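Dropping the structures in below, format is structure tokens.
In the two complexes below, subunit A is the common chain; its partner is subunit B in one and subunit C in the other.
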Partner chain A sequence: MEFPVIFWGVFAWMISWGVVGSVVTRRVYLNKDLDTSNAGMVGSMLGASTGPVGLILLWIKTPPITSRMMLFPSLAAVGVFMVAFAIADPNNLCVVNGSFVASQISNGLIIGIIYGFMALGLTLIFSILGVVSFAHGEFYMIGGMITYFVTTVWFPGINPMIGIGIACIATFAIGATFERLFLTPMYSGKIGRPVEYGILITFGLAFTLQYFVQALVGANPVKAKRFFDFPRIRLPDAADPWLIKTSRGNLELFDTISISNPRFTAAIMCILVFIALMYFLRRTWTGKALRAVSQDREAAAIAGINPDRMNMLAFALGSMIAALAGAMLVQAFSWLPQVGAIPAMRSFVIVVLGGLGSIPGAFLGGVIVGLVEAAGTGCIPDAQQAASYIPAYGMFVLILTLLLRPTGLLGRRFSSATHGKF
Partner chain B sequence: MKKTLFSVAGFAAVLAVSVSATAVLAAECPIKIGGLAPLSAPGAVGGGEAMRDAMLFAERDINAAGGVLGCDVKVVIADTEGLPEKASAVMEKLITQDGVVAVGGGYHSSVGVAAKDVSNARKIPTVFAETWNDTITGDKQKFIFRIAPLSSWASATLWKAALRVPGIKKVAIVTENTDYGIPAAAETKKGLASGGVEAEIFGVDIGMQDFSGIVERVKAGKPDYIIVLNTGEAGYNFAQQAADAGIGPQDIPFQAGQVALESKAWWENVPDGNMAFVQRIGTPVATWNAKAKKLNEDYKAKTGKDAIESYALEAYDSISILAQAINEAKSTDGEKIVTALENISHDGTLGRIYFPYGSKKDPSVDGKGDEWWHQWPDPAMTMIQYQKENQNSTDAPIIWPDAYKSGDAIYVK
Partner chain C sequence: MLKKTHAPQMIGLVLVIFFALFPFVYSANDYPYIMHIFITGFFYAILASSWSMLAGYAGQFSFGHMGFMGIGAYTAALVSHYFYMSPVPTNFCTEFAIGDSYLIILNPIGVTSSTLAQDCLKQAMEVWNGSVEVTPIPVWLSITLGTLMGGIFGLLVGALVLPLRAAYLALFTLGFSEILRAVISAEIAITRGQAGIELRYMFEDGITLFGRRFEQTDKLPAYFVMFFLLLLCLGILALLARSKFGLFVRALREDQDAAAALGVNTTRYKVMVFVITSMMAAGAGAAMAHYVGIVSPNNIVILQMSLVVAMAVIGGVENFVAAAIGAILLEFMLEMLRSSFVIGPIEVDMTTWRLVVFGVLLMLTLRFSPKGLLMPIIEYFTRGHIAKETVAKRDEPKMGDASRTESSQ
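Let's turn to the complex of A and B:
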């Protein structure tokens, strides 16, 4: 970094005014007997981006806090941070190389979509059962393993969708069976501490699945063959394909953004399934029943919904979503029984960041984590350290968000959290 | 009188039998030797399994040859997972619970660095098979020996081979941030600088999967050569993701990590991995001795692989040299085994193994650094290149050094 004083000076200025904004704004709103739930966040973001000018205006007018009032100061704070970075390190790749920035953004978006998709399952299970499934990474692993064996070992040449389908069915069945056998005691009041029970039993499932798979298939890394080849496309013309150029394994946009085939297909599949899942949850009776149970179990039961069945469906569906993410990524990453550990940890970060129980929040959290990781990896000046801190980038965003908005980005203020008990 | 004589003779006979038996019984049968190997992620599981199989072959061969001190040998395999915290724990367990009298094996440097302090404190002789970090022997600990090459020395192979790439000006070194990767990258960078070549180091976590961000950063730097110092599946993930992004082994000269020696896994995980260079330890297959050839045949029959890996040979030798040392020491006492190891001449699969520097002669006497303490000085280091798809690493031509050369390098670009 060429001018570190500028960067750290601006950073300190933002932190100072952010803290002042957070503390004082909350107090000002409290004194005027106004809603203070998001006052700290708005104050801190406004303080970080505009300093005393914006804060004084806010304190005088004290308008009702809307989502726009949270969004725009947050974006402005990010903008100030980026400008300070650009001035302080004018030769950084993220400042001088537009195509590099575009590539990093596209990489961040794609991996963020995949992260978010995997976290969907976790948040779905939590919103219905009130349980954090610590076996989520193992379902991800099993999804990939089954797809690998079906498409590469047992039936090479088979349509990969069949392999993915088998992985989904198998993990759905494992999830449903596990829920019936081991989680039902939580609902009947037989367990004194259902939260701890849920954590321990899913931990146990995680270890069992991981070592069972290791005993069955060994611990050597495997990888499925690419599911589909890109057709050869050259646009706008074959001689100068500046818009789109594809090879079997790669897609290049605008001569700058390069996306590998496995990643691209995984992201598209995740988006399609996300849309289908939202349709299922919002438009079908079963989906509405799931949402109803997540909001108020007793009211849902009075309306004729069986919450126990919804518990089973949620756990099975959540496990299947994790497996589907694994099934799509087994063509992109080397796969082994321990492969789920890191994605599972990242999913925990994402669901808390997005708001426990919020499905759009999980997706948004995934995209944010993906983008922040890409920015950190690409822009931190010391190349030796940039990628070493990848797990820390998401944690940093999580801590900042929880400090300012404890419910997460799109979390509900009052979660049912009845741990499946009816 | 006669009765007394018989009694004395009988007592003497019993005493003689007891004394000779005591020598053996002093070492409880079977004599246990620990074997360190990474058998779970994030360790290099393929390498760990190869080492485990080789150490069990060593156990079989030692016992077939009469065992040690009249006892059978039992190799107790311990999974290090490639993690230093796990390494300390399993070394402690091997010594205190399993009762091993010596320890062999070991793949990751971080494991060696962490485990050596435990075994040295407990006075258990340890011969590390594949841990390269200089400090493992550089601390001059009495009970620590090594038959793997030194990291600084292995790095010299990397940068000397890199300097032969035509028109080379800039190198990207992607390394795991471990006790193996960090010093190896720094040594390689220093060596490249001595040849006027610029190098940039990219550090990554040992279990990293998604390299897309770092691949773009490497690509933006437009390197003429890429060196990967990652063990485990991260080595495969980076290579294939780099290939997807157009900077793989078929796009620019590319030196893959050690995991590329696992040919079957390499081609499955990195289908675009042809033309990769890989560093290999040990003499070329054509020059292997009878012991190595026999082990190779047994290993192939058991594992179904095309050939034994170099680190499996090292693992085998680390156990068999300990067995010889225990026999020569005539004891399982750690101090005596160390003395035997310092004086040993062992005909292993890698050649004659000996330790010229130790308590008898300090490395400084010959102007050598501390890292040469209890260090075998002769492991051969070569650079091979995959030049055909699905080629076996033992069939791939050695392109450097010239003493072992069996084919010319192909430099893509």
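Let's turn to the complex of A and C:
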């Protein structure tokens, strides 16, 4: 049989049992008066991976749901999907070529770390202000634009770190100013629906910033040159460098995995900043105050923390993180005023997947989305079609997460920012 | 006796008469251009007013409205591009007998390039050598089908977003519209991807109205079609807003749980408001697609959505008439601001700056007059005489810097 028939057949089978599982399991658990919060998730994943067999067992026994019961069926469902793909299309690069798979996975990991870092800013803003900042992509774009102009146009030859620093300071200032001017009425209860107001006002900011930058710099793509060169390394020896081989712009591991310099440096820098940020959030007074406000606004205020001040800091810091991600990726991609839209969407996906407000969740979500996109781009036979679908992979993940487990992978059920709402 | 409270109705009537007479009175050189602006303005007015029903009345901040518009437009495009009626079977295409004639579904061979236009119908036409007349699907039917398809997708999305609120709903609908756009750009074999798909003009062969002949490119028939659609939508929305439906969806907006506890079937009304508003968006999209003659996935991008959101918010998101008038006015303003000018040595290219102005206007409106710019004027006339107590409590404290600092202390 040919590819589409097997593949779409298995796909339809999984989807239909997933839907049946999700709907019926919730009913069964409700009838037995058990906790239904994750029943839909378990039911759909078990249905997708094992079909009716597992589902009937589940409905008869109705065990209390643990996180393990969610993890293993989900992994099994992914496994079944991959096996179906491999059987359906045995000649695909993703199936036969191990080194292709390895390099796709490593690329997915590296880009996923950068995505996760950018989403970290969004999750910081959300956990403290309760606002999903729709201007996140525009801060990313501005960070890249400022870095490009400082390092390439205004002061060529300057240390790129200075350019990144200027971009960070500028976006921090924009974020803080915007928060003071436009977000303050949200906190005092003067606006009927603060969450909707936050969505609309950041949407307006995104619109304004994007066209403002376009009006200033025009719509031609720009690109910064590489910030750093790799040192020349040949390991284990120069004649046969099977372990590590570097050239100025490329790193090759085990003769198979090739990582380009800009992405590598960006990922390393993201990890470093992430560690610094974690130190800031866990060890300093201000960081602890930020986390306290994210857990309980009133209690933090009683303990002597000014929540309004923390709101400003969180928004500015979150925007700066997005700008930092942009500043580091401007050496990897060509840059346009519209470049922020896709990373912003990706950040939404990641924070929802990881759990809105959860910092480790943002990184985990970033890596998962990176891998999903790498798999989607590498495995679809028609390259042009695969490229057109790139924005959609993440969105599929988003929609699945919202339908099955709106709290996300590591989300807290109630953080002060969600106001108990989904 | 004319009262102050009648003023909005009077102004509304004057506006309707103005728009109805405008094409006959106005006769300057830029007539087609002005007409085009108004047609586009009506299109955005339908989108903005139906979005205000969804977001302002029912509180469902959906960012998928342009996606529904795209569903309507693409359904109309695919129907008018791939479906034909013929009295004789072609024997080349996939075809079904309906009564005496045959519904032909085109099976294009060289679709990816628009120049290579060889398909099964063309093959059949060569065989027939002009002896058979093939009729395309009429425009009104494809617009109706587009509207229905929008309703079907509205039902689906409305049912899926039932448990989601606020930010999650916004993200879900955004995801829906992005997936739609990706699918349309990727499935080149059917939709022609980024190149866009062409479709018949609204009046392909021209039309004769009251003894006057209008060619395919004349704006007047399309103007009245759009105007009629807008009035139809506003009429439906007015009926809904005044009925129990309007009361229930507003209860949904204020507190879903409280509304459910008081016996409002929240599931039904949430889905219904999605279906109705997405049908309006889809209908507008289908009509606009037939007017412009081409649709492309770029019509569904988020920036188009932000335009609709901005128009609705600046007009007044909690009143669909205000949103509609706001959309027409802003579309007009945006077009008028196109001309570039020179201050000293700097040449200001207004084509981009006007959108910056627009964004700033949106933010300032939200911040200082969250009900929009037109809504307070309407309220002044209709509610001015009512005692302050009856005005909803949340509108009461005016947001100003003085009162804000007071309460935060």
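FYI, the second predicted complex is superposed on the first by the 397 of 422 C-alpha atoms of A that agree within 3 Å, B and C clash if a C-alpha of one lies under 4 Å from a C-alpha of the other, contacts with A are read in each partner's own complex, and residues count from 1 in each chain.
Following the convention adopted for this analysis, contacts are C-beta pairs under 8 Å (C-beta built on N, C-alpha and C of every residue); 3 or more make two chains touch, one makes a residue touch a chain.
All values reported here derive from a predicted model rather than from experimental measurement.
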Partner chain(s) touched by A:Gln214 [first = subunit B, second = subunit C, both, neither]: both
Contacts of A:Thr171 with subunit B and subunit C, given as first, second, both or neither: neither
Partner chain in contact with A:Ser49 - subunit B first, subunit C second, else both or neither: neither
Touched partner set for A:Phe100, first subunit B, second subunit C, both or neither: first
Touching partner for A:Leu205 - first (subunit B), second (subunit C), both, neither: second
First, second, both or neither for A:Pro406, with subunit B first and subunit C second: second
Partner chain(s) touched by A:Asn250 [first = subunit B, second = subunit C, both, neither]: first
First (subunit B), second (subunit C), both or neither touched by A:Phe396: second
First, second, both or neither for A:Gln384, with subunit B first and subunit C second: both
Contacts on subunit A seen with subunit B and repeated with subunit C across the two complexes: 214, 341, 384-385, 388, 390-391
For the subunit A and subunit C complex, residues of the former touching the latter: 126, 131-132, 181-182, 184-185, 187-193, 195-197, 199-201, 203-212, 214-215, 308, 341, 345, 348-349, 352, 356, 384-385, 388-392, 395-396, 398-399, 402-403, 406, 421-422
Touching residues (chain side subunit C, partner subunit A) in the complex: 55, 59, 61, 160, 163-168, 170-172, 174-176, 178-179, 181-183, 185-188, 193, 253, 301-303, 306, 309-310, 313, 349, 352-353, 355-356, 358-360, 362-363, 366-367, 370, 394-395, 397, 399, 403-404, 407-408
Partner subunit A, residues of subunit B touching it in the complex: 39-42, 45-46, 49, 177, 185, 200-205, 207-214, 216-217, 220, 232-233, 236-237, 240-241, 244-246, 262, 265, 268-269, 271-272
Complex contact set, residues of subunit A against subunit B: 93, 97, 100, 103-104, 107-108, 110-111, 214, 218-223, 225, 249-250, 258, 260-263, 332-334, 336-339, 341-343, 373-374, 377-378, 383-388, 390-391
